[in-house]
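Below, chain A partners chain B and then partners chain C, in two separate complexes.
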Partner chain A sequence: MAGVEHKSHDMGLHTEQLSGRTQQRFFSASEEENFTYPWANEVDFDKTADFDAMDMDPTGINLKIRELLEQGYGTITIKNPRAKHGVGVGVLNRANITFEGSLGYFGCGLIDGPNVRITGRVGWSCAENMMAGTVVIDKNAGSTFGAAIRGGDLVCRGDVGSRTGIDQKGGTIIVGGRTGAFSGFMMQRGRMVICGDAGKNLGDSMYDGTIYVGGEVEDLGVDCVPGEMTDTDLKWLTAKLSMYDIAPACGFENMKKFVSGKQLWNYDNLEPSEKKLVL
Partner chain B sequence: MSQNDVDKYLNSDGLDSSREKDIGQHIGYRYDVNLVPDMDRCSPFLLKYMGKMGWADLNWLEDVHMGYEEGKPAVFDRNINGWVQVPEDITLPDNQQDRDMIARELLIKFQMSKSHPMVDLVKAYKKF
Partner chain C sequence: MCGIAGLIHRGKSSNVGSEMTSMLQSLKHRGPDSTGFALYGAPTDNQYIMRFKLAEQEDMNRGFDIQQEVVARQQEVDKRLESMGVNVINREEATAYSHRYTFSFGGDMKKLADYVEDIEGAEILSIGEGLELIKDLGDATVVSDQYSLSDFQGTHGIGHTRMATESDIDIRSAHPYWAYPFNDVSVVHNGQLTNYWTFRREMERHGHRFMSNCDSELIAVYIANRMELGDDLEEAMTRSVEELDGVFTYLVATSDKLGMAKDVMAAKPMVLYESDDFVGLASEEVAIRSIFPNEIETFDPYEGEVRVWQA
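Up next, the complex of A and B:
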């Protein structure tokens, strides 16, 4: 790019470095194999523990999970979570965690690595800001399921509420049943798979990412457009959903794909007449 | 972006539209963020990582792709919000799927390294 003159340079707008930040130091491609964060606890999946959360508050439950991980327990079962809010959050460790019952709001948020199973239902914003791992809910989920998720697999075998995957920045959200209005709202990347029907304004204002739907779509939001299903898409969908024993009633090959029309990119810089065209 | 122009950001500045030429910066991602991985191309290292974590596929690494920063191949590390350049002695394959697998492997090695910047941040700011 060196030596190229741009209009913005002439206007004196380049006091700020526009390219990204690069890290070259610290890195050695030949470092010994290490698959977990240096600060993570070394746990054994065969070492199991369980406890009854009936009379515990959410902070107590979270601290107990942390304590067991520090002791090397890799498989933890929590009985009677009784739909308490903010439970199972901030687990930055590989582990198998099972909640025998339902969780309230913001369950399993900010996790990075564990495989979580919830045998009941979950409330609002389950797995918000999830970074990595898997979360599987056996029954239904509330609104803003997987809000701002960044990575990992978030699976609900039943139906979910509205605004599923709002502000999704990565990862995969799988819904075995139906999803409500504004699913994929402001989606930026990642994949959402809805096996059943989708409510109004699917993918409204999505910037990027992919939404696959098996059932009927009530209508599409602004800048969400049909995409072309490729062989790679089909192969990936089949493998991913089979992992969780989920299959759309219409069959994988009949699923529909939706992507961003990318008309809203740099929306603020459009002329008023152009904005009318987009909206 | 098709598989055919896999070297686009190595061989050019990637400024296509008049808007991009005006601002002197490429708009959008420098790779296809929607490209789903071909699991048949997983490296042995990545398969071992998946096994260690108890995952049947690449999980969060599905969103990791090889990008291009300052004319060089690089991978974005969300934990430092910056690009990590791919070592120059690594030969790049001629397709994005294989390049993405290299990026994933390198990112794991970087993130799990004791010399990753997050190690110092954890020491300084960890609350629990």
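Up next, the complex of A and C:
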């Protein structure tokens, strides 16, 4: 854990009690602190494979990805996903996965570990319930982007629809463009960065977590209030967004911060495992 | 959950029948109960196309009498059209219960429609110079084959795949809806309206008729009413977003325009692709991609957004 704490301090996260997967930016084979499942496949990142998904159904695509992981392929490219739904889901393995094209609804949901890049767009509910790893989308994303994510980095370089990060429980969501209404709705933990404008009811009913906005905010939802930008925030934003070559047009120093103005009296931001230790 | 789709070619015609069939077939999983098309061909000079049905599909399986009854209903339609001074140029039978008439007429179209629909079982699906509205039970391929839509040439169209929720599985509850009594105006909708009865009663007081209990029909009637009061299409749609409660995304087409509107919560999906000469919209991107082999850039319109495109 010493390594983890050191890393979190470097990233400016020392005001939060984060542990394990929630602060994971991306895996690397040498990072011992990263969580892996005991049944996860040993893969070689230099071993590459690609296949054409043009005529495959979503189940076939997902089974093919698993088959390649079992064979030790650590870098997999899927061509022509053609906006099919439920693709790239449930990958609980370290791997580099690239989709050359767009995904439909629920793409890359329930993942824990892989680095995913999507060169096109994603539909609704991309990376829902993501635990760790990274998902980077080169173009736009639909609504409920990153719903209920618990960890990892979810990045969209373009615009995103409504209810971004609804029920977010950890991790980081980064939007290069604008986002729609009710972003951060019932947010409970983690960070959301919106470089462009945010739609109405930002952070409605949020319990905790932090939202940064570079552009205009149409209005704030219930319980969401402006927060004070600190040097730690600025340091974290600069470090985090630089990892993905993203910068707000207004400059990091002009970004605005929003937090919950009314925390639940019986709520804390501890991970369930940490709560056990405290109790 | 239903699926809606729309497309418009700017400044040219294309095989919109085939394109819309492909898009709607891609959305079959969103609603397999019925499929409907509102396709816009080249407007005819001083001629109207009327699509109408004389019975529900399921009625036709109820013995021999209904076959004769439908024939009698069609004869009554012909008689009433003649009495109104309508010059019927062409009669086509799409199915035993569904017909397509081409006619010329210089009188009051609302009176004509009311007179025809006064016949038992008769429902006018559409009247227009370019609009042809086709809807029936089954998926897009079934309906397209049944009504020979694969060669339909036109500039734009909208369509719908329906999962029946609050009303029956029948043609009268299927989309699109013609915005009676406005020529060439049609609507498809995905969502639920929560102030349906309030507005329905108000529309009925204004003299509009409802053929079903489907909340989607209200949008067509609402748009028709606003246009009757002087709004243009975009104004009527913008007002609808403010006045209609619920969660919805809908598409409206007129003789030369295609419009879309989303509710203020953006609770129902819509994906949009726009290029210099084409606009495509659908509940899911797979529908748009079904007619584009190459990679395209798409995006979601935002909450409360209204857009209108010209053919």
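Descriptive notes on the structure:
Assume the second predicted complex is superposed on the first by the 227 of 279 C-alpha atoms of A that agree within 3 Å, B and C clash if a C-alpha of one lies under 4 Å from a C-alpha of the other, contacts with A are read in each partner's own complex, and residues count from 1 in each chain.
In the analysis below, a contact is a pair of C-beta atoms (placed from the backbone, for glycine too) under 8 Å apart; a residue touches a chain by one contact, two chains touch by 3 or more.
All values derive from a computational prediction rather than experimental measurement.
In the superposition on chain A, A:Met131 contacts chain B only, with no contact to chain C.
Once the two complexes are overlaid on the shared chain, A:Arg191 sits against chain B while remaining clear of chain C.
Contacts of A:Arg150 after superposition: chain B is touched, whereas chain C is not reached. In the superposition on chain A, the chain among chain B and chain C reaching more residues of chain A is B.
Looking at the shared chain after the overlay, A:Asn140 reaches chain C, while chain B stays out of its contact range.
By the touch criterion defined above, A:Tyr37 reaches chain B but does not reach chain C. In the superposition on chain A, A:Ala83 makes contact with chain C only, not with chain B. In the superposition on chain A, A:Asn115 makes contact with chain B only, while chain C stays out of contact range. Overlap of the chain B and chain C contact sets on chain A: empty, with no shared residue. Residues 82-85, 101-102, 104-105, 120-121, 123-124, 139-140, 142-143, 158-159, 161-163, 180-182, 199-200 of chain A are the ones that touch chain C when the two sit in their complex.
Chain C makes touch with chain A in their complex at residues 264-267, 269, 271, 284-286, 288-289, 295, 297-300, 302-303. Residues of chain B touching chain A in their complex: 13, 19, 21-25, 27-29, 33-39, 45, 48-49, 52-57, 59-60, 62-63, 69-71, 74, 76-78, 80-85, 87, 90, 106, 108-119, 122, 126, 128. Note for the complex: chain A touches chain B at residues 1, 4, 6-9, 14, 18-24, 26-29, 31, 33-39, 45, 66, 94, 96, 113, 115, 131-134, 150-153, 170-172, 189-191, 208-210, 232-233, 235-236, 239-240, 243, 259, 262, 265-266, 269.
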